[in-house]
Amino acid sequence: MSESHANFIDLNDYPVEWWNNLLALAHDIMQNPADYAQVCKGKIMATLFYEPSTRTQMSFQTAMLRLGGNIIGFDNPSSSSVSKGENLKDTTKIVSSYADVLVIRHPLAGSAKAAALSADCPVINAGDGGHLHPTQTLTDLLTLKELKGTLEGLTIGFCGDLKNGRTVHSLLKAMKCYPKNRFVLISTKELGIPAYLRDMLHAAGAQFAEMQSLEEAIGTLDVLYMTRIQRERFSSEMEYLRQKDVYVLDHAKMLRAKSDLVVLHPLPRVDEISTEVDEDPRAVYFQQAKFGVYIRMALIKTLLDANAAAPALLPGRTVPGAVCSNEKCITNSEHYLPKSFAGLGDILECDYCDERTLM
Amino acid sequence: MSESHANFIDLNDYPVEWWNNLLALAHDIMQNPADYAQVCKGKIMATLFYEPSTRTQMSFQTAMLRLGGNIIGFDNPSSSSVSKGENLKDTTKIVSSYADVLVIRHPLAGSAKAAALSADCPVINAGDGGHLHPTQTLTDLLTLKELKGTLEGLTIGFCGDLKNGRTVHSLLKAMKCYPKNRFVLISTKELGIPAYLRDMLHAAGAQFAEMQSLEEAIGTLDVLYMTRIQRERFSSEMEYLRQKDVYVLDHAKMLRAKSDLVVLHPLPRVDEISTEVDEDPRAVYFQQAKFGVYIRMALIKTLLDANAAAPALLPGRTVPGAVCSNEKCITNSEHYLPKSFAGLGDILECDYCDERTLM
Amino acid sequence: MSESHANFIDLNDYPVEWWNNLLALAHDIMQNPADYAQVCKGKIMATLFYEPSTRTQMSFQTAMLRLGGNIIGFDNPSSSSVSKGENLKDTTKIVSSYADVLVIRHPLAGSAKAAALSADCPVINAGDGGHLHPTQTLTDLLTLKELKGTLEGLTIGFCGDLKNGRTVHSLLKAMKCYPKNRFVLISTKELGIPAYLRDMLHAAGAQFAEMQSLEEAIGTLDVLYMTRIQRERFSSEMEYLRQKDVYVLDHAKMLRAKSDLVVLHPLPRVDEISTEVDEDPRAVYFQQAKFGVYIRMALIKTLLDANAAAPALLPGRTVPGAVCSNEKCITNSEHYLPKSFAGLGDILECDYCDERTLM
């Protein structure tokens, strides 16, 4: 039964205290790697990557190997028999009977939760389409905790495409749970954060400002979280040419920044951070990638150790006739899945992908 | 020399007693996994998958890792340099000098035997085209032995495309070696078992019946082995629409079945078993996949331990001018292979693919 | 810092004594494998194969596993996120923070050196386009040392496409460093060794002869190093048809060879060695592939043990405005790389790809 083991689908399935325990464990692993080198001996992790993400997959594999465990998996669905019409349930059911922990990446929202419904072992969400990528957020939290010494009272700038960037949304949601943080949202008007996030920040009483110039904002920041704006996201080619350099971090802009700024980036970066910045000690995005291994080690160990009650996967209810309106929701591709919604008046929120549908 | 180590190419290369020993070893591994967790320490298994079969490959990899061994291999011939004109002999020769046991899957019949001819370590056949897939049959035998408690006196239904299904043919041949089994062959007229198999069952004095309705047959069965009928196998689109539901196992049909029926399927299933059946405790196909790991553990251990005389790979003789008439036989692609036939009057049976050619 | 650890980019970065130590270590590993079965326990090797080379990759993986280490990596750049615009520097930087040693294969010349510039762990060159493949050369040296007992005083024939064959060029350069070797270069006129190599042999006072007939040359040889001539390398189709058999090694030609000849081939072979030769004990190309595992074990162990000063990666100097004239040089694809040249009068030699550019 899927309820009998812990999964890691969404950061919000766990309280902040659980996050903090994980960060503390990751810190201890960094300090004392030898103490953890055998804790997963004899265990197998399967990575089911329905879309390629080489770096995320290697980060998980490294984490498991550093814990003394073993790895199986696939990363190339087109050459894989799992692409030949087998549903997600069957693949999950079978592979979870081979392995002790299952890491899934899939292009559809809610797929990791769907996998957890039938898996016989813990499932970790390594990215479900544009929906969640919670181990990236854990990585970001660990990076800030280790390099700033605290997750409180920070002025955090987010720069780039804030409308579509799931890593930005997740980190914003996470950091608003820690007191006294202040957010500076740096983007074009068209690519600002979604309305629901703005509402959430207001409701949480979070301090935040929206700005259009990285150059103006950078001097106030303790943390700068860079993301890319894809060319096609600008309203026109002319707008792209006019604005593209505004959101590129270079040496000149770094001159305006505090001496203890840290610059994060979920990677891969393309042009949004000039390579000249790499030598700046405030550029910590490569360290950030390495922190990703430690937090994944902490996560794998925690889930394999878990024997406490796990969060319910589908806490909502069945609503006759209701279907999720998100065409990229896994429930619209894998029809055997039980549909489940949280009801908010005449709005239904899908338990898989969090999309809200008006009844 | 290839003769100096044991291979596993065809179930029929070994006597029933050997099969039974393997089933007993798999049972012991299941009961006492810790006793076997290090038996392949320091050993390497190479999986050479010339066509993708993710699940079979992961099953073998899991088996080797659970024995404490290591894994290398490929699963994507199109992106592999082995596809660039290197013959099977050279690849086998080289990889078998790296590894301690070699698992091969290949689209051509007889390829595993061809590989064994030049390999410097034991070779396991993980599927050679439409010819054999003997570790699936071992998996099926272990599933029946564990869940029915015996391999004798069972009434076993095979449903679906019995003409083309190699897993069906193999399991039929294997189960007729155990006493008092009765076979119920459920299919359309066009997709019944091949004539040679019918002859073999007659010759063995096996009891069997051919039926067209799963609904009628199901009540008499101890075991139901489901396989898919592909749409294009029906004689016409009209016939497909008329008959497609007849060979789909659903909750309604399960109501007619014995309480101790077990339903097997080699997987992947597509539509031939409704997902509603998955919750039925008689649906054991996911357990069956897990049994596949244990029987492969037993097989790998047995072959690596083996020092007894191995079965001859090419017991037949060279016949001047004779070539195998099966265009999918490996001897018709890899021309350096010595041709070898068993002679049956004026019929030659290919030692690689078992095809019979009239001289 | 990249300078703080040893890399293996080019055989010529190390003195002949270092090569000899590596050969001696490989010999000891062959004799006493159990002594080395745990020396890399807890270490991770990443194989970054930007172009597929299944056999080379499996050879490295086997080497690391036989030393007790673990492996991660990719072999299929088209299905890998690293192909999505991430530069080599970032991928190297990140993966080298996961792993303890990094093995790279890449289609562009100088790529392994470029990777070493940013890597946080030792980098091994597993082939950088048509430029170098130094672990193949080490493999060849080990094969000769083990099977001929010496690397001195040998008459070594190279046969095939000597113009384009990088394995031939490398082995020639290496063997001329040992005394009293004599080289017989067997090829068409068009496919003889490049002028710079001929100059190098003259300068080193090496004895060598150029011949067009393998049949005539073979009787004088202690070693025959075979390579392929691709059909399109001949000056015309007529020329191909006339000459193709001249450069094929078969049983008839072997009859003219010494009884203690050894025949090497970097593999894969296509038609240039007839399969009938495989049974000849003088055909050692399969043994050669196995020696490749042992020399890679020695190399990995040596680099992971290294704490001595490593060779400088870019010993040359920056020349304002100068760019490498080799369009397949990595510096012409990855523009952030510092250009660096050795100056030879008005000729600049690129520190990455060794191409000479006239200023």
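Chains: A, B and C, in written order; residue numbering restarts at 1 for each.
As a working rule, a residue touches a chain if its C-beta (ideal position, glycine included) is under 8 Å from a C-beta of that chain, and two chains touch if they have at least 3 such contacts.
Because the structure is a prediction, the values reported are computed rather than measured.
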Determine whether chain A and chain C, two copies of the same sequence, contact each other through the same residue numbers or different ones, counting it as same when over half of the numbers at the interface appear on both sides.
different
What is the Cα-based rotation angle between copies chain A and chain B, on a 0 to 180° scale and rounded to a multiple of 5?
120
Just curious, how far off is chain C from chain A if you go by their C-alpha centres, in Å?
42
Where chain A touches two or more other chains simultaneously, the residues are 76, 79
Contact residues on chain B for chain A in the complex?
37, 52-55, 58-59, 61-62, 65-66, 71, 75-76, 78-79, 267-270, 275, 278, 286-287, 289-290, 293
Chain B-touching residues of chain A, taken from the complex the two chains share
42, 44, 46, 70, 72-74, 76, 79-82, 84-87, 89-91, 93-95, 97-99, 336
